[in-house]
Structures are given as structure tokens and as C-alpha cells.
Amino acid sequence: MTTFNVMRTRQIKTPDPNFEAKVRHSFTHNGVINALGGKLIKVEAGFVEVHLPFSQAASQQHGFFHGGMIATIADTASGFASYTVCAEEEECLSAEFKVNFLAPARGDLMIARGHVIKDGRMLIIAEATVSVVRDGEEIECALMLHTLARTKHVKTGQVNEHRH
Amino acid sequence: MTTFNVMRTRQIKTPDPNFEAKVRHSFTHNGVINALGGKLIKVEAGFVEVHLPFSQAASQQHGFFHGGMIATIADTASGFASYTVCAEEEECLSAEFKVNFLAPARGDLMIARGHVIKDGRMLIIAEATVSVVRDGEEIECALMLHTLARTKHVKTGQVNEHRH
Amino acid sequence: MTTFNVMRTRQIKTPDPNFEAKVRHSFTHNGVINALGGKLIKVEAGFVEVHLPFSQAASQQHGFFHGGMIATIADTASGFASYTVCAEEEECLSAEFKVNFLAPARGDLMIARGHVIKDGRMLIIAEATVSVVRDGEEIECALMLHTLARTKHVKTGQVNEHRH
Amino acid sequence: MTTFNVMRTRQIKTPDPNFEAKVRHSFTHNGVINALGGKLIKVEAGFVEVHLPFSQAASQQHGFFHGGMIATIADTASGFASYTVCAEEEECLSAEFKVNFLAPARGDLMIARGHVIKDGRMLIIAEATVSVVRDGEEIECALMLHTLARTKHVKTGQVNEHRH
């Protein structure tokens, strides 16, 4: 994709020095991804990489990765990338996301890389790219654009989003 | 949502009288949804309803339905609704979808209802509404807008989308 | 479109009894829409209807309404619909929107109807339907799904969105 | 943004050696953009840059560029970028686009850069980044993800999209 110049070069800062530990802890409680054998490969400030092996339980009727699973792993990568830039007392909740499918998701492994594009005061905008590994080659298959809201109130359920 | 007048009143027509059987058959081959206990509740021309019970494997780290699972069930409902308006020799492939999250998806059961909005010559536009059932009440929690491409070539893999 | 049951029947409430006057006042300061002859037809709690006559300045290269103009009038309708549910000291800023194009926008007049779908504590989700009037008939041509953030701080420019 | 590796490095190919002339010709017939003083700055295979000066007619009620104008210039850049990869007898029609607003669009000049992400057989996926120039500095303010359909039938109006 076109990259904003600033995005390519700037350092994403996070107010929480403990960001990697909190992401790794939260990941272990993520039912879907763990049930399917997903792995948290890399956690940096503003960046997370997640891998998911192919399985029957992640497939659609033609034996490819299901579009919903593509959305799930992409949401996981960009959602946790956004979580790295939250303060200790904050969470981020998905307001919405959009996925464009670029190629059939046929392969042994799916790789999602989530990046923070903008860490705003109220909202965080992130993206995730999704590839499959097929015959040893990485093939780009989807792209997610993701809007999340920062919140300090994890128990209230007042916010109209779901949680990371 | 605002309803287009025509959408509320018009009859969606399908060129395939066998539409219910083909949707039911394809549904049984849908790995993700079946692994999670999803059920195909209703199939009409241009409309499909799918139910998914809550389980650990469909949850995120706070014990709600995972956003990716919400996308998965919504995609299933609007994707199969779109499949009902395809001709016998056609399929439809997801080009993209967008999901807005309206409320935390906490409940025992998730219900997705997919509708065809526009059955164009090349593209089908569909939407899905997603609710959860909590304490016997149905609570709206997400909305998907979905673009699919018709194709006759299921084996080629030339189209840049994933398949229904 | 599929309508959530609650959406069809519930009454949208607004905390600002002066909502119509503030929307009408803000509309007169909207450069684009006024330059093109747009008219604010109806303002209700959670609903706004805007009309735009066809002109060269609103067209693309084939003599239809430009896709960007469709987005502009849809954004205006759903943005002002969202503004009706803001408190007196609040504004709402667009976080993002998505437009699906359903049919060529060829006609003498474009009509956008914006509705609030969810008036959350932090975010407002709205939609707009867009039709053209051609040979006296109203033809649906586009659909917008729109996410806005409430804010009280109109001068700070700290929020990562644009303003209504 | 995250860049797919291939996107950063690969050469976009176009089947039409005359791509620059056809884009420049079509641009002169674009009513909205020309009425507002838009300029086509650069045309390459898979890439187009468009500039738009600030004016009252492009503004919203706070004196910033209107969100609809941001969508208009972004759609123009990514739409014409997509047109460069069409064959001589083809056009591309917008199926849908999504815009995320990253910062208030306050400035003297708006710059949109459109890139083709995927030139598929039926669909083209493109993106546009939008910046404003303020006090001599370029500030990123929006991001568009755009889906277009190739078509050979410019006169029929059968396709459910609008035209570039």
C-alpha cells in the first residue's frame, strides 16, 4: 500500500512500558485464537504479528481459510497492536473494521501483521495485512482497516463496541 | 436502519429453484461454523438466518463472543443469502465486508440475519444484522455491509476474493 | 435493508430540545452543500433529509452525480442526523464512513436520508440512503454506514476526525 | 501503514500504453474536481496524485475541508490510479469505498495519492492517502480503501456502480 511518509519512519510511542507482557497475557485468554492453535509471534510498540495454522475448523466449504477466520486473525493482530499503545488503565474496543479480500486464502499457515496508523486521544486507527504461506511462498490475501475506541471502563459495558 | 422502500416491499427473485438445497448442502461443508455448533435456521430467496451458541472457542478474553466470530457468523448469513440469488452454475465470492459493533456481544446465543440489498449483474450487495440473546431478550450488537462478486469459475482461483 | 426490530419501532431521544435550530444554523455554514444548492428538507430527532439538484459542478466525467458528491450528501445527512442526538455542549466528528454504490446516480435530484442507528456514550453509528429522482421515479443508488465520535472540545483539534 | 512487501517493490503493469493520455482526458471532464480547481499532478502506471486548493466551496461549517470533499479527492486519485491499469476497451466503476479520518483537514492545499493494491481480473483494489499542507508542512488526514469493478459496457448502465 501507499505509505504515509511519517508512518514509515516514525517511532510509535507507548505510555505503558509493560505493553508486551499485558498483550501476551491477554492473548492466552483469547478463546477463538487459542482453540485454533494461533500463536503470538511478535509484539512491538504499535505492532503485533500472529500466526494461525490451517485446520478444518478454520476452513470454509472449499477447504480454504474462512473469510471470518481471516477477519478474526486480522482483528487479533490490529487489535493487540492497538492495545500496545494504551495506557496501563486503558483498554481499546473495536468500533468497526473493514476487510478487503485480495486472493483466495489457500495455504498451510496464515500470517497477520497489525500496525497502528494513528494513536489518537479517543480513537486508534490500525491496519492488518494477512498472507498465507503456500508451497513455501508468502501470498498476500487480505487487508483490514480497523477503528478502535480507548476506554477506561472495562466493567460498565456502556460503550457500544466489543473488547480487546 | 433506514430501509429503502423498494427493499422492504419487493420480492427478491432467484434464478435457481433449488436454492435452499444448495445452501443447506454447502453449509454442511463449512468447517468453522460447524465446528462451533452453528445452525442454519432459515433459507429464503435473498435471506438466511444462522444461529451460533456461545462457547469458549467463540469467545475473546472477556468472555464475550469474539469480534472475529461476529464477523464470521455475519459473513455466513449474508454470504449464503447472496448465494440464494446465484444461478445454478454460479458462485459468489466475498470482495469485502465492513462490520460495525453496536454493543458488547454477551449472551448465550448469537443470531445473524443476512439479506440481499442489491443483486446486480456482476456484484451482489448484502447486509447482516447480528444480535445476542441475553436473559431471554434479543439485543442488537453488530451490523455488516458485504460486497460479493458473482463468478462461474470455481476452480480457477483467478478472482481476488474468497469463496462462499 | 434488514431492519433491526428495535430500530424500526423505537423513538430516538435527544438531550437537546433545540436540535432543529442548531442543525439548520450549522447547515447554512456548510460551504460545499450550499455552493451546490443543497437543501435541508427535514430535521427530526435522529433523522435528517437533504436534497441536492444535479449540476455540472456535482458531476463526474459521464454526466452522473460524482461518487464523491454522493458521499458528501450522504455524510451530510447522517452527520446532521447524528448531531440531533448530541447534547447542547457536544459536537460529533466523523471517524470513518463506508459507501456502497448500488446503481448509476443519473437523475435531476439526489435525496439523502440519514438515520441514527446507535447513539452510544462515546460513538454514534448512523446510516444514510441515497436515491436519485429520474423521470419522476426515485431510484436507490447508494448506502452509507458512518461512525462518529462525540466531543465537547471543538477548539482543540486533538481528536483525529473531521467535524460536523 | 504496513506495506505488503510485494506492493512496495513490484512494478504495476498496464495493458494500455496510452494510459496517461486517457486519464488526463477523462480528468478534464470531471465536473466536481474542475469546478473546485483540482489539478492532476502525476500519472504513473497504478499511481495518480491530485491536488485541491482550499476554498469556501470545499469547506464544512468550521472552515476545514469537508469530509465529503476529502472522499471526493481520494476517490478521484484511487479511481484514476485504477483506470491506468484498465485495458483500452475497459472502464472501472466504484463498487464501494471506506474513508478513515485521521486528523482535522485544515490547510491551504489537499493532496491525494492513489495506488493500485491489487489489479484482479474482475475487481481492482486501490487505496488513497490524503494530506493537507499547513504552514508549509504536509499533515496526513485521511485514508481510503476502494473497490472497483472492471467493465467493458459503458453505455448499458447495467452494473451497480458509478463510473470513473
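Letters A, B, C and D name the chains as they come in the text, with residue numbers starting at 1 for each one.
Methods note: contacts are C-beta pairs under 8 Å (C-beta built on N, C-alpha and C of every residue); 3 or more make two chains touch, one makes a residue touch a chain.
Every value quoted in this text rests on a predicted model; they were computed, and no experiment measured them.
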item: Distance-maximising chain from subunit C - centres being C-alpha averages; value: A
item: A-D or B-D - the one linked by more C-beta pairs in contact; value: A-D
item: Whole-Å separation of chain centres (CA-atom averages), subunit C against subunit D; value: 22
item: Subunit B and subunit D: spacing of chain centres that average the CA atoms, whole Å; value: 31
item: Between subunit A and subunit D, centroid-to-centroid distance (C-alpha), Å; value: 27
item: Residue list for subunit D, restricted to those that touch at least two other chains; value: 95-96, 98, 100, 102-103, 118, 120, 125, 147, 159-161
item: Subunit A partner contacts - residues on subunit D that touch it in the complex; value: 1-8, 98, 100, 102-103, 113-115, 117-118, 120, 125, 127-129, 131, 138, 140, 143, 145, 147
item: In the complex, subunit B residues that touch subunit A; value: 26-27, 29-32, 35-36, 55-62, 64-76, 79, 93-106, 141, 154, 157, 159-164
item: Footprint of subunit D on subunit B - complex, ascending; value: 95-96, 98, 118, 120-123, 125, 147, 149, 151, 158-161
